[in-house]
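Shared between the two complexes below is chain A, which pairs with chain B and chain C, respectively.
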Partner chain A sequence: MSDQPPIPRPEQIPLPPAPGQRRIVLPPHRQRSRRPRSVRIREWVRKNLFPSRNGTLLTLVAGAILAGILVGVAYFVFVSANWEVITHNRWLLFAGGFPQGEAWRLWVSIAIVFTLIGTAYGTWSSMGRRDHLFVALVGAFVIFLMAHGGAAAWSTIYFLIAVACLYGGYLFTVRLPRETSTLRTWQQRIVGGLLALSLPIVLVILLFGGEVGPRHIDGFVLNLILAPVGIVGGIVLGIPLAMGRASSMKTISWTCTAYIEIVRGAPLLGWLFVALFILDDIIGGDLIIRAMVVMAVFTGAYMAEYIRGALQALPRGQYEAAQAVGLTQTQRTRLIIMPQALRISIPPMVGQAISIWKDTTLVSVILPLRELKGNADSAIAQFEFTPDRIEAYVFVSVIFWIVAFMMSRISQRVERAQGIGER
Partner chain B sequence: MSQQPSTSLPPPDLVPLIYQRGFRRLLQQGAYVGVTALLAWYVYDALNLRDFGFGFLDDPAAFKVANQWITDIDGVTNNRITMYLVGVWSSIRVIFVAILLSTLVGVVVGVARLSSNWLVARLAMLYVEVFRNTPLLMQVVLVYAIFLVGAPIIQDVAVIGDFAFISNRGLAIPWPVPDAGWWGVPDWFVGVWVALLIAIAAAAMAVRRQRQNIERDTGQPQFANRWAFGIFAVGALVSFIALGLPVSIDRPIVEGTRYLEGIVIRPEFAALTIGLTLYTGAFNAEIVRGSIQALPRGQTEAANAVGLSAYQRMTLIILPQALRQMIPSITNQYLNVNKNSSLAYAVLYDDLFRVAGIIQNKAGHALEMFFVIIVTYMLISFLISVVMNFINARVTRVGV
Partner chain C sequence: MRLPSLKSRRLVSALMFAGAALIAGALIGACTSDDDDQQAQAVEQQQQVMQQQQDQPQAQVSGEPRGNTIQLVQDRGTLKCGVKQTQPLFGNRDADGNVTGFDIEFCKAIAAAVLKDADAVEYVDASDASTRFELLADGQIDILIRTTTITSSRDMELDVDFAQTTFYTGQGFAVRKDSGINSTSDMANAAICVQTGTTTEQNVADHFTDIGLNYEPTGGLSQDVAAAFFEGRCDVLTADASDLASRIVVRDDADDYQILPQIISKEPLAPGVRDYDSDWKDVVNWVVHGLIRAEEIGLTQANVAAMAANPPNTEVARLLGVPFEGGSVSTLGFDAVDAQFIQRAITAVGNYGEIYEREIGDAIERDCTLNALARPLPSEAVDCGPGEGGILYALPYR
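And then the complex of A and B:
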């Protein structure tokens, strides 16, 4: 009985290697068990840190630099810096001249936007361990900020509610089935539509009724409003501009080319100069509205160039096939060309979005509008905080870094989900 | 005689005009031009161009700009356009230095990101992620703030090795200036020496090329670079002595609250240049990394197979090929440096944008000033593009 080889059960029979995939199976006497963890760690360290004499030297130098940076940053953050300039001016930095009595408008907007972000994330992606960690870290940072300097407990609670909205939206949608179905299509349409509508909704909540006007939008809230306005306005302007530039009608392509090249010829500061001194005569309105128009006009030219690049990258066969099946010009553009072109141009457009997010700081350089950096300057201008210039600027930089880093991560996620860059 | 198929289109003259392609295009363009013209007329009307003109640029400036290199301009007698040109020159200096340094940073960090050394690769990644995702404005003002808070005031200036000073007025370092020398030559005579140096350099390059050709044909090592460098060094020294030492080194001195002699790297200039360098360097590093990764893996393997060292592999095989791919994107970054140099406004460095702002502040004429600004930026962009296209043509030319 024992000398008979056991009959293998079906799952024990090794599968043949998939085509194109090489799989080497060693004979039993050559097979080795996995080496212990400590050995593997030692080998990794030797291979990646101390491979040779020069490699060791390089590691030591890099380690010294890294240690120096870490020690310096830790010393600055925990010992030498006086963070009171931030905690004392929390509201000034966050919303500046926004009336405190109307703060509920901000909280409701934040809750709505967080819910939508969570819903979108649940619809098209899923959160990994790193994402949870990121949310936890940022949340801890914000709560830490609010817990110091005698903040009211309600602001912490409202923030926690907003985070709960984020997770609520996420958990609600992430469980829905992902297979292509009518339901899924409708889910995507509803979430996408709500995302597109979120900016007007938020603007209505912020500005409609009450005593809040555009000039009250101030501080970090101004950055948070200006950047989406620039991005959405830029895409809305960029699509017709790109199509116009690619048009075969000379008058249209020339004027669109002229627009794009002139706008790209001057720096954003130059266009804000226009908003301040020249646009007043043309469109008038609040300075903040003019700044928004300039942001959209400026971004539009760059977005147009990216979309045009995508239009040119589309294979000619797509145009010809669309023509061959008898679609009209509008149908061709709407159904065949634009969906593909927009999909290709997502990565550079996200890059431009991040760039616009960072460029919202420029508003306070020449305009009498004060966004986060401008309000940091007013915080330093207070007598007791004049020596704390570096602390204020470091804080502002960190805030901008957090949002920009989040945007770049989401764009990587979108690229992977859409399979862009893989063929 | 073939029969006419029944589904054929009627001849063009029977199609109603409105369905003819050419006519429709004409109609569309006509409508488009009409709307555009209406818009343009509205803007023209709103701008109210009664006193449009550039005559105000010829009036006396009545303000000062700081520029180390152009000292014979006092801002009282000089007109506004002269002051503006001083600002342009300041901008070009920043742009030039920032482009050079950011390229250097980009290549070093880009290569470091691909290092097999884990720590080095992580350090490079940290640099890129930090500086790419923070606003350039914050980097510039932060460097400026560190300079102002960290550096001592001029009364207790820090002395570095007896020849350089550092304070919140800037870093003062020695600088070569024209000198009468042994034979009492005038200042412009230094130009003769510079011309001579250029001629010697050309000769050295010719020798280098010749020796490289010999090496290529015979396979015998000819040490072309060493020869070229030797010829240039000896030629420079001999001509310098023969012309009677027409250049001397000016050491900076501190007098009261001012620096005299030498040259001063002012905090505004340093902040702007360092900020631009760090920010653009991070983007350049990503471009360098991308173009190296785009190379086929066989290039590295082949270089290893013929026994090149890691340094030789990088400088002789990988970077020259990656260069072809990276130049278009890097050119874009250089154009961004040009436009981003306008951030000088935030640290009160007198670049062209700030000088234009001052002129506008004093004289009005915002539209004209904006016109001048945009034309200047476009000209500088054009210059950068021309240079980069020339380099691109050189690099992509495959020698056989």
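And then the complex of A and C:
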């Protein structure tokens, strides 16, 4: 973030024209676009792949290894693997014991979440070619999965409706004016409010009413519920904890410090044991609710430390300036301190979010709950699929990767929209 | 806003205080119970049982009475059955997410007997071997039916009591047919795939010490060691013989493998209940014996209704809890479980042989194995009839 002009790399410095040769020297950023595409490609290949003898050697070796891996993967995916273990167990992996008659609850939840993702993207960012490609690839993957092996056609239709909701929300909001105005402020407030409300709404749809209850949450749906509850609950707990730890009132500061250090000091696995055998007698309720509480409490301790780090990183001048213009403590925190602190702490918080997303698999290791990985274990315990365990685990990893990658991409957008790194 | 500089002494005392508070909270929480009706009743029952046991100081010293599980189950209206969900044939889940398998049939039978509804079962996942006994002791499940071997140490040291064995197996060895291995004496320095952290691992170590040979163990989880064996990373795979059979028979190249006749351990798999609750254990025991007896005397899911309407003899009448030729109804049964509980179990899942055929018959041979009926008696067995030549022997129901 220095203010010095960047030092140009040698290849960016325009060479003086050779004697006797007439040449128009363009500024570096214009040079490439003027030359024909084929020349540019050749140039790029030569410069990046075959720059020298050793470089060429390295490219060839790396290329051979890469090709070998690709061929191996392709052979596995298209020839040797028996994907029936996945297509046959679609429902088991996705929702497990969730009553199939109540599947509409899942689809409504998905549609709500998709609409809000689209709306948020349209409000604060825009979708590039890569985003469309990602949606198309994931969509094709899901549709292939549902269409293969005779799934009900309606599930494909519902999924398409959900994707339409995503684009509907996006296309609607992306065309609204972006200039700062009262209308724009209200748009942001409404979308933000809906985002905040979506989690409780989805939880109510999925957990209550009809035949469903907390103990029916199963399979991938369980991961999809546990992680957001852990992340959102963690942030909600983390903000007061961070402020409390930084407080000058000793009782509050000690309490918050004790909370953070105790919770962070033991592994999540241990806290899940607490949820299973100790919280049982203290707060009772369904195990899944206890697991949610533990996830939020655990994440909260980490989030608090990231936010506290951000609070410490804020220049003292910010506090003093806010004080100088006569803001009260609450106003200072709400208007000056927290917005900046939260913005700084986005990258580590996203890291923690991705980590907690993957940690949701721990619930089926320790708790009598079955999430995606646990249900994959059940799928390969089906008599006819016992030889197909690699397929099941590859599938589970791909699913986890897709969601983690999405979280990472969205956070990059949020960072850019918030101007992190540009200050 | 000044960030506080915490002195380490204060931090330590704060931590200690919080830790003490946490432990105190946990203890208080463990001692108090919700004002939930069922739990209050359970506590009341526990107190009653405790009072009854005042005269028996021995029982009071060695174990805390667990109340009356039959009552608990009936008040709740569902049976909480701890099952494994990752064991081929015995306990796993189908594509629709339902729990299925050999063990699960016994959950249904017990629910039918005690609650008059085979579907009134809440399956609690007890796939994790390390927490299964705690789930039972903690009261989160009423019964553990999860391919659990009865061993003296488990019975004596843990808060678990085992009912009648539902499946007898033993540790065996699988090899490739062309390997030339016919018994463990051919396995000098062989690479053996064995699941780590189990009695299986201990058994094989003991056995090779006994026969004075060396071997090379390759460890992992049960699915992993099986995969390692089929990929050729070890010469021998050892596990329960039933598990070996089920993993081999599904393979396209099943003919390339064989299971050696040699069995080096006893693995009786039985339902577990909490210690000091003999009525509940009795119900479980007699449901299992009843299902075996039903097979012995030819009662099936299909004919049980007709037999109950018109019992051919006094024994069938007694087993099904119906009057014989206008006589009085058998008074066998429990205070809270009427005399027809075995009839309901048979109606729900069929007799033992039917359960076996339906759930594991395709994969694991039954005739002439331990899990067949003891007829003819093992000592005289030369040719076993269908489902015969084993050690299943129902106790007399009278």
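Please note the rule applied: the second predicted complex is superposed on the first by the 386 of 423 C-alpha atoms of A that agree within 3 Å, B and C clash if a C-alpha of one lies under 4 Å from a C-alpha of the other, contacts with A are read in each partner's own complex, and residues count from 1 in each chain.
In this section, a residue touches a chain if its C-beta (ideal position, glycine included) is under 8 Å from a C-beta of that chain, and two chains touch if they have at least 3 such contacts.
Everything numeric here is computed off the predicted structure, so don't read it as measured data.
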Chain A as common anchor, with chain B and chain C clashing or fitting: clash
Counting only touches as set out at the top, which of chain B and chain C does A:340 meet: first, second, both, neither? neither
Kindly classify A:375 by the partners it touches after superposition: chain B alone (first), chain C alone (second), both, or neither? second
Where does A:125 make contact in the superposed view: on chain B (first), on chain C (second), on both, or on neither? neither
Touching A:282, do we find chain B (first), chain C (second), both, or neither? both
Could you look at A:387 and tell me whether it touches chain B, chain C, both or neither (first, second, both, neither)? both
Report for A:361: first if it touches chain B alone, second if chain C alone, otherwise both or neither. first
Mind working out whether A:311 is in touch with chain B, chain C, both or neither, as first, second, both or neither? second
State whether A:258 touches chain B only (first), chain C only (second), both chains, or neither. second
What is the contact status of A:95 with respect to chain B (first) and chain C (second): first, second, both, or neither? second
Superposition clash, chain B versus chain C, among 145-153, 181-189 or 271-279: 145-153
Which residues form the common part of the chain A surface touched by chain B and by chain C? 250, 255, 262, 277-278, 281-282, 365-366, 387, 389-390
Taking the touch rule as given, give the residues of chain A at its contact with chain C in the complex, in rising order. 88-92, 95-98, 100, 215, 218-219, 245-248, 250, 253-255, 257-259, 261-262, 276-278, 280-282, 284, 311-312, 319, 332, 337, 364-370, 374-375, 377-384, 386-387, 389-390
Residue numbers of chain B touching chain A in their complex, please. 25, 28-29, 32-33, 36, 42-43, 46-48, 115-120, 122-123, 129-130, 132-139, 141-142, 145-146, 148-149, 339-340, 342-343, 345-346, 353, 357, 360, 366-367, 370, 373-374, 377-378, 381
Per the touch rule, the chain A residues reaching chain B in their complex are 48-49, 51, 55, 58-59, 62-63, 65-66, 249-252, 255, 262, 265-270, 273-274, 277-278, 281-282, 354, 358-359, 361-362, 365-366, 373, 387, 389-390, 393-394, 396-397, 400-401, 404-405, 408
Please name which positions on chain C make contact with chain A in the complex. 1-4, 6, 10-11, 14-15, 17-19, 22, 25-26, 29-30, 32-34, 36, 82, 85-89, 92-98, 122, 124-128, 131, 134-135, 138, 140, 223, 226-227, 230, 246-247, 250-251, 362-363
